[in-house]
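The structures come next, written out as structure tokens.
Both complexes below contain chain A, partnered by chain B and then by chain C.
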Partner chain A sequence: MSTASSSSSNYEYVTARTRSRKARLFDEDDYRQLTRMGTGEIARFMEESEYDEEMNDLAARYSGVDLIEFALNRNRAKHFDDLLRWADGPLHDYIARYLRRFDAWNVKTAIRGLSSGAARDEIESDLVRTGELSESRTDRLLDANSVEEVVEVLDGTRFGPALDDAVDEYEESASLVPLENALDRAYYRSLLSDMPAETDRATELYVEFLRAEVDFRNLRNALRLARSGSSVDPGEYYIDGGRLFSADELGSLAENTNELIARLRNGVYGERLSGALDELEEADSLIGFERALEEVLLAYSNRLSQLYPLSVCPVFAYVLEKEREVRNVRAIARGREAGLDPDEIEAELVIL
Partner chain B sequence: MFELIVGFVSVVLQQGSPAIPGSAGAAIAVGLAGLGAGIAERGIGAAAVGATAEDDDMFGRGLVLTVLPETLVILALVTFFLV
Partner chain C sequence: MAQDVKPTRKELMEIDDRIELSERGHDTLEQKRDGLIMEFMDILDQAKDVREQVDENYETAQRKLDLARAMEGDIAVRGAASALDEHPEITIQSKNIMGVVVPQIESSGVKKDLDQRGYGVMGTSARIDEAADAYEELLESIILAAEVETAMKEMLEEIETTKRRVNALEFKLLPELNEAKDYIEQKLEEQEREEIFRLKKIKAKKEEEERAAVEEEAETSGSTTEEPITADD
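The block that comes next holds the complex of A and B.
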């Protein structure tokens, strides 16, 4: 799908549809029920909800947690593709910008599948078919026989130049990290580059939001690296575009968590993050902190969608909520399969 | 330039009858009201179609909301009875 479009945005239509879909997402009660079910029951529950079509399609081929996961993936792809289909003009561009993350995900899946020797079917079922890459290009990704061929297929797309640079490094080290890094960087770079000229308050906030997302991603990377105790410099994984840190700062702050927390408290997000930061200080657990970060982003996006009803904000809030639902249901299914008890799983969920 | 202004003023300030007769003024009022209602219905209609596409039960409510700005035109029709 092309991003360039000269027509005006059809906010009314798209927001009406997304609001209706948002209302149909699982709510807190559903989650509480789900955490007490076994995998079979979860599958049955999903069959009676939004996911019936996908569940029926896939039930013949998969079972158990795999079935749930593939149905979630496919349903998410369907809904996000609908968004791209409906939206016109600048709105389409705003949505496509964010959904490019699934292009990056698909390419990564293809590369990983190839290097681990997975069959074409297996790779295909892991793809999330939405985003900007066309169907035919995605099929060619699947048909590729080597990582080099994948890079060739992507020639001329947004990811082309970055991958070209990374492929030499890959050939030297035979590790996928440079390629995956290049993909992520290309995605985040395109997230904030050449925004359309239409700038009202809501669009400004949307850009700010994307910036926050970049900041949080940097923050998460740095904290994870610091926790894992590896010697990699977080600055190397730094993504441009955020407004909180520079690459050098991030490197030194990651080593000193207290300083980092102090910095965050005084920074632009200080007020909104205070709950999350308290958690990080007290519990000293990254899981809790990351969950809190996500809750902050979600709550903020919901608030924006009420303040600016005719803008990209409600659509974006829906995208985030849908992603959260997919992640939550997946966490529940996986958790139940591993035999965790409901309370433990509930602690992992992002519920507003 | 000066003659133009004089010409314009003399049309507007015609002696005897006004430049725009009462019924023509009322017609303009209704026309503009219709235009305004149309602009308002554009957005509501798009949203209503979107809502109906997601949920058929929204058809009735969508229809009512879509034609609400139509009241503007009905009020504008009052001008016809005033002149």
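The block that comes next holds the complex of A and C.
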């Protein structure tokens, strides 16, 4: 939770530090070992790794898989905060705009907690304290007594106007959906708007990557809505900024999966998405398709980081890989706790 | 019981009526019991299927929830679950199966579209959708199981009650009534025999008295005819 400076980007420094952090991420062998461990062994393994500080700090409050999950979240927040701390100029902005997803997450957690009558401590334990919102504002979010107060606290932030527009609908429908969608939409809007004026090829590709992520998010949402049998037009959940579909096109294509797949195969991501599309064609479930999309994004960001080592791309690739690590370790721990088979868990992991 | 019964014709008639009524009741209850057992067997088959369905749906739902918690995190799943604001509603009505009132449970709002679940579509994933879908299906099968199993329980209680009534009629009331009837009949026959004997006795006595009277009269008339012999000579 730091602020951007007005200086130029310090790519050399940040990428060097990021490389060192990246080297400490778990590799494929670690995952293979972890999937065969019990939850106690996983916790021990984490105590002897990058996560030792968080594990020791939280051990008094949590135990078992909860301890692992909260340690993962706290460590991730620390690492992302470090990135923001190290980065200057436009690079800071590039990282910050991606990490705003955690701000959106924290606000959603606060309003869901208030709506379900959860205690302040419970809500606080679910927050991921990274992103742009200051500590004091986050604390004020936690102190809020109603959803309307949360909206007031966010007045003057990027989420303020979007929430102001959605709060009337929330009051009418008593449903959190308008607020949650407004937050996600505000996040995606801010992801691509007013990009810093750096026009090198690496930045262009980074922007392309973000647009691909928006396209994939649109695609996933449209398919989910179509498969749930909802009468809602997928166009209503359309996020601007992608380059593959317009809102109208997406709405009509979601109804016809074959046409959608054909369109995707012939589109800009056709080659990269071929595996994911095969998955979509073969399986009834969207889960495999979503996982394949994640793999595509991760592989793409890795490729960009190798092609442009002194740019935003390696930093961004590290952000994605750290995210993936958190998800994978959590998946292994929760999967083992639930008694899932190691091979079954391994099949669910996103490993490159 | 027989000792408490008054051995009168009126009582015998009343007992006959009660026996007839009890036998009719016994037949009816036996038919009801057999009918209930047949209905119960049908419901039992249905309950077995529904219970299997519940078990299967529970395993699927739990597995999907485990996977959603594993891949999306406990926080995300709890958040999505707590976002639900329109809870399902259950209406309980009743229906009659062979005189047994069983509940008929109707649910609304269990199955929800993606946009009705209360969580934002943009920030969640298909794993959470599938876990929610699976739990909605589980809830529907639990409601059906509640209806079928409650009906089964009610039927079972009714069968037990009917069986007890049939047994009470067959092994208690009817034998007692028949015993009382036999007792009264015996008593009445005995009374009849006594009456006949008494009548005979009276008749014999009467006949003896008449005979004695006739003899006395004859004697009296004999003495009067001998008296007119006088000494004329």
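Going forward, the second predicted complex is superposed on the first by the 345 of 352 C-alpha atoms of A that agree within 3 Å, B and C clash if a C-alpha of one lies under 4 Å from a C-alpha of the other, contacts with A are read in each partner's own complex, and residues count from 1 in each chain.
Definition applied: a contact is a pair of C-beta atoms (placed from the backbone, for glycine too) under 8 Å apart; a residue touches a chain by one contact, two chains touch by 3 or more.
Because the structure is predicted, anything quoted here is derived from the model rather than measured.
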item: Three-chain arrangement built on chain A, chain B and chain C clash or fit; value: fit
item: Partner chain(s) touched by A:S63 [first = chain B, second = chain C, both, neither]; value: neither
item: Partner chain in contact with A:Q306 - chain B first, chain C second, else both or neither; value: neither
item: Which of chain B and chain C A:S49 touches, first, second, both or neither; value: neither
item: Contacts of A:S8 with chain B and chain C, given as first, second, both or neither; value: neither
item: Residue contacts on chain A - larger count, chain B or chain C; value: C
item: C-alpha centroid angle, chain C to chain B via chain A, nearest 10°; value: 170
item: Touched partner set for A:I239, first chain B, second chain C, both or neither; value: second
item: Contacts of A:A104 with chain B and chain C, given as first, second, both or neither; value: second
item: Smallest distance from any CA atom of chain C to any CA atom of chain B, in Å, after fitting; value: 29
item: Chain C-contacting residues of chain A that also contact chain B; value: none
item: Complex contact set, residues of chain A against chain C; value: 65-66, 69, 73, 104-105, 108-109, 112-113, 115-116, 118, 126, 174-177, 179-181, 183-185, 188, 217, 220-221, 223-225, 227-232, 237, 239, 285-287, 289-290, 327, 330-335, 338, 340, 345, 348
item: Partner chain A, residues of chain C touching it in the complex; value: 62-63, 66-67, 69-71, 73-75, 78-79, 82-83, 85-86, 113-116, 118-123, 125-127, 129-130, 133
item: Complex contacts: residues of chain B adjacent to chain A; value: 43-44, 46-51, 53-55, 58
item: Residue ranges of chain A in contact with chain B within the complex; value: 10, 12-17, 20-21, 86, 310
